[in-house]
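So that you can tell them apart, the chains are marked A, B, C and D in the order they are listed, and the count of residues begins at 1 in each.
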Amino acid sequence: MNERNTRISRRHFLKGSAAVTTLGSLAGCALLQEDFGGEEIDGIPDEPFRIVQVLFESGPPAFYGEEAMNASDMLVDQINEDGGLIGEREIEVVDRLDEDAGPDSLISDVQAMAQEGEVDMLMGIISSAHSLAVAPAADDQQFPFLVTMPGTYQLFEENPDMEYVVRTAGTNAAGAVGAVRMVEQMDDIETVVTVDPDYAWGHDHQEMFEAGLEAVGVDVEIIESRYPELGETDYSAHVSAIADQEPDLLFSSLWGGDIATFVSQGVDGGLFEAVDESLLIGDTGAPLLNSLGDAMPENVWLGGRGGYQPNYRYDEDESHREFVDEYYERYDQLPGWGAYHEWMGFQALQEGVESAVSIIGDWPTGEQLMAAMNNIAFEAPHGQHTMYGPQAVAPAVFGRPTDDHDLPVDHPLLGEFEFIEATEVNPPQDVLTMDWVDELEPVTG
Amino acid sequence: MSTRLPTFEDVQIKEVKGAILDKRLLTGGVLFVALALYPGLTMNAYHTRLLAWIMCFAIAALGFNVVLGYTGLLSFGHAAFFGTGMYTVVIAMQSAGITDLIVLLVLATLMAGVVGAIIGALSVKTHEIYFALLTLALAQLLYVLAARDVGGLTRGTDGIALNRPDFLGIPIGDAPAHIYLMGFYYHVILVCLFATIIVLWIVLRSPFGLTLKMIRENEMRAEMSGVPILRYRLYSMILSAMIVGLGGALYAVVVGHITPEYLDWTMSGEIVFMTLLGGIGTFLGPVIGAGGFILLQEVALNFTTYWHFTMGLVLFVVVLTLREKGIWGGAKALVDRVNDRRDDS
Amino acid sequence: MSTKKTESTKQDTPTEPILRTEDVRKEFGNLVAVDGVSLEFYDDEIVGIIGPNGAGKTTYTNLISGALSLTGGRIVFDGDDISDLRKYKRVRRGLVRSFQIPQIYDELTVFENVQSSVISRNEKNNRLFTLTSRDTDSIDETERLLEMFNLETHADEHTEHLPHGVRKILDVAMSFALRPKLMVLDEPTSGVGSREKNAVMETITDAAIDRNIGLIFIEHDMELIRNYSDRIVALHEGRVLADDDPSTVMNSEEVNQFILEGGV
Amino acid sequence: MPIESLTVNAFNGLYFAALLFFASVGLTLVFGILNLLNMAHAAFYGLGAYVAVWTLNNMGDVTTSTVALLTVLVLVIPLVVFVLSAALDKTVFAPLYEIEHVYQLLATFGVILMIDDIIKFIWGASPITVDGATDPSRQLGTLDLLGVSVSAYRSFVIVIAIACAVGLYLMFVKTKLGKISQAMSEDYEMVQMLGINVNRVRVLIFSISVAIAALGGALFVPFATATPAVTLEYVLLSFAVIVIGGLGSLKGVIVAALVIGMVRSFGIAYFPALELAIVFGLMALVIIFKPEGLFGDEGVVE
């Protein structure tokens, strides 16, 4: 107990200069890097690298949590088969916290973990609102937190000084601005109806989409914006109202079970005959196509912040192919966005540990590890997944449903992929997202 | 805690009761000192935060029990007051630039009282399930306002982050989170809890408290004794709302980030759950209930993914076996029985 | 037995009546429950109301207490029109009723039950920061009332398990604690064993005379009515059938025809 | 406003009203006749949805005939739940009849939490949709209603709801069980004194009520998705329905379900911003201005 006290208070004392120290030590060590090259690394702790995950295990978004859990089980097994992180230290998921318990409980758990010192890292989280509450708390506790899923652009803009938090998911700007870029390329689009879930995710997307359209100066009018409740079970009233308007384009950031229900009831209500084109950007991919099957309309674009579609660059990218195959073999279904996000998280972790160890020649402290995950890049289905500081910048990828694919499932997947560079859909480092969107430049050429 | 009064016929009884009261005061004093010293002695930040969390909800549950236990009204809308307390603090800090903790707490308590007056005025005419559902519906409308960010103050479901308030002009808010909580804020909550307990203890034994019990026990009789019952039910709602609002305001700083979820009816359900678990028929039951609920949830969460089931089972069993006694009243009854047996032998 | 029985009938009393109902009516849909009842009551008399079931007795008392609103007519109490006054305000003016089934606070002690009435009468309900256990005024008065109604021995008991007769007395004591000018009692002895009935009535009437309180009581027991009333009002089908001293009413042919033979 | 969109919105409203009717009619009957406020009632709606989606997705190998699928939804699942709920009535719910409403609400809230986790334990937390092959809603396609094409399956659900309402009405008016039930709603003790086996009536009424909720859940799922959130959503909705309609009134449930269904359908179509507030606003208004609900002071079938 006493030892812990002194540690906590000393860490507090040092907190102000933490960033300087970390950078200093990293830089200093970098100079010495060659001295350590090829040598055995000392100081690798005997016990495994202990992760606690925070995911929805119950409540409406739990399906996302389930995908993430599946993927992480698989990835941890894979990593451990090769000996663990840098081939030396195995990973153990020691606990999973149910996000449904709410931020009170989560923050309290973070505190307990920080204090007991028996966990090396917190990983996951789905809800944007929860991330905004838990991430600063983890940072206060100087407890490493690898945020893998939520998209709110406010996370680092509101808490710019967090040193113990990185996020490997792209922000929702990528999806929304990606959609703007898609509209720029479309012909004959004059009227748009937006349908977004009635919470921050939905409102943020709608706002960025609308502001972006205005900024790039396309001649498109959003004639109506709808916000169905999260977890809505009956969209038919929305569907018939939209069908009535016959807009040229439908934009939606509905996700998970909501988008499946919406599209299915939309098909039933003739929605996709009434609109010419749809952009469904709420982290939608294989699970949606699986549940809709043949009923999936073809005049839609699916996608968003990242190329997380099983058959996107499946042949070209070996690691992606392995990930998809393994996942399919293990769970008899194709990975969805929750799974991909988790994959990105584990890649960042591996990469971070590797780079930290190679620089300091020793196993990194939590602080050093988090610092090492800043500004790295690693493989993703869409090519390089780059971190600007602690925040990943993802490109936008969209595709159209098609039955023409080689994967062993009998439902449609996407084809005709459109790839939009990360720099086209994310603000430059240190520019606030909404400021950037308001001044968005049209794509040249 | 006996609700009996000293009687006229036997002066000795008064003295005995006085002794009991002294004993209680002593116990309370010792408990207060022990709790006040806890963070400093153990330096355990996790426990400190857990205690702070429990105490905030203990205040809320005490306040809620004014309506349920003493006035006999089941409100399912108390999240409205808890959330109002929280949002008042954060909005006053962000929009009005008020950073003094005392001012913020007073402001939040008053605002919760205002919301309590509005919801109360609309609902006190109704009874039982209608009262429960009307308070639920009205509170839910408040939730919609916050979730849809009507008025642009709440930032919707993302919620708002909150800075640490200062105290009497001392910029203590700049202190690191640990030090702020363990060295200062925890004690503010502790003082507020004990102040709430003392004030409520007096108020519920005052003519006003007796009037609430009259309404609970027999509304018709109370009215036929010349009590304007609707007005007193409203007073009860306002008093209750203010205390719950204070709990919320205090909690806002502990959690540091406020979302509309604190206004949702499931939040009301948690407050009801806590109060009932502890025992609505006892004065201190709600405090025990808040502690029991939060600890149970923490344990169940760590122990099993099926923590909903565990909580549901506990609620079911407690309601069926202990009813208004709750775990606190049940424990007291058990102690009494053991003592009786000892006296017999 | 009342000692003032012969002194006061309305003909030879020069004082104002404490309560006057003028042509009061109550209709429930098509049913006329009270059909133009005009009566006067004085604060120094005990009036018994009789009538068969459905005669409108209870409806009439509910109109007086304000539990029901008038369809027509008006009610004057102590010189003021109280027709539209809320229930609790009538009580505060001194118009008090007790109930057929005792209405008491089950989870409070007998002492608290009575004290609550004393506090309400003093309109001290809004005192937040004084303890009732320190409120010597109300404690003293409560003690006196308990003594008066022979309830001292029960003072500290919770009322749930009290015998019915005691509950009845407690109910009345609580009404007396309100210092009414006029009390309306709905079957004060219903449910009380026949031997205790007289004792209950005795306690009530003694207290009323002692405190100079007018009494109106509904009763089915003709024996009690005859023994304790200064005057009897007979209701039938919502109208006043007779209103006179007990012997006159009891001997009236109509009353005999509609009420006394009606199987009461 | 074109006539077609009027028709479509009215149809949507009617369909939603049908679901609300299934979810809440049992709640009001159990309250009106047995004096039990069962917050967990809607959990059986959720349970019905899960049982249905699981059954449909597992019967593809046996048969995909529409008639078989519909039979499973309309008859088999309610029957299974009927038996289950009879067992539950004897065990879990039996002690609840003796306690005050407030405690009934809280104890049954505990039951919701338990049922929710049982569902999660069996079927997981992810939303489940009905496979295309065994989805009667896709098989049936559309039909023409006043010049508008509407889902044939949803029309079928509306018809079943109407049949169910008529059946309940006839049960109360024509059968002995119904008459005893009505008498019980007015004077429980009197019926008990007549020497009628009240417990048997109780089990029957409870199980019928719960089975109807499960029927609703089963019919709901082909057109929607089974998610763990369904239960809580319908807890609130069904309480809104029975309070607006008046506790214990069959007619009240029907009218309130129609009112909420229509207001919601047209409200969402023309005032989408109000969606979240519609049901609660309506509920608050009704309780404030007509606390006993639209038909609260009447008996079960008046």
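We take it that a residue touches a chain if its C-beta (ideal position, glycine included) is under 8 Å from a C-beta of that chain, and two chains touch if they have at least 3 such contacts.
Bear in mind that the values here come from a model prediction, so they are computed numbers and not experimental data.
Among the remaining chains, not one touches chain B and also chain C. Where touching is counted per the definition, the chains common to chain C and chain D are B. With centres computed from CA atoms alone, B is the chain lying nearest the middle of all the protein shown.
At the far end from chain B, in terms of centres built from Cα atoms, lies C.
A separation of 39 Å divides the Cα centre of chain A from that of chain D. Computed from the mean C-alpha positions, the centre of chain B lies at a distance of 35 Å from the centre of chain D.
With centres defined as mean CA coordinates, chain C is found 76 Å away from chain A. Residues of chain A found to touch two or more other chains are 57-58, 198, 227. Taken residue by residue, chain B touches two or more other chains at 147-148, 308, whereas all remaining positions touch fewer. Shared interface positions of chain C, defined as residues touching 2 or more other chains, are absent.
Listed by chain label, the pairs that touch are A-B, A-D, B-C, B-D.
Contact residues on chain C toward chain B in their complex (touch as defined above): 65, 86-89, 91-92, 96-97, 99, 103-109, 111-112, 115-117, 119-121, 123-133, 135, 138-140, 142-143, 152, 155-156, 174, 178. Per the touch definition, chain D reaches chain A in the complex via residues 2, 5, 8-9, 12-13, 15-16, 19, 116-117, 120, 124-127, 129, 131-132, 137-138, 142, 149, 151, 154, 220, 223-225, 227-230, 233, 264-270, 272-273, 275-276.
Touching chain C in their complex are the following residues of chain B: 3-9, 202-203, 205-211, 213-214, 217-218, 220-229, 232, 235.
Residues 68, 74, 122-123, 125-130, 132-134, 136-138, 140-141, 144, 147-148, 265-266, 269, 272-273, 276, 306, 308-309, 311-316, 319-320, 323 of chain B are the ones touching chain D in the complex. If you check the complex, the residues on chain A that touch chain D are 56-60, 62-63, 65-67, 198, 224-229, 231, 233-234, 236-238, 240-241, 243-244, 256-257, 260-261, 264-265, 268-270, 291, 293-295.
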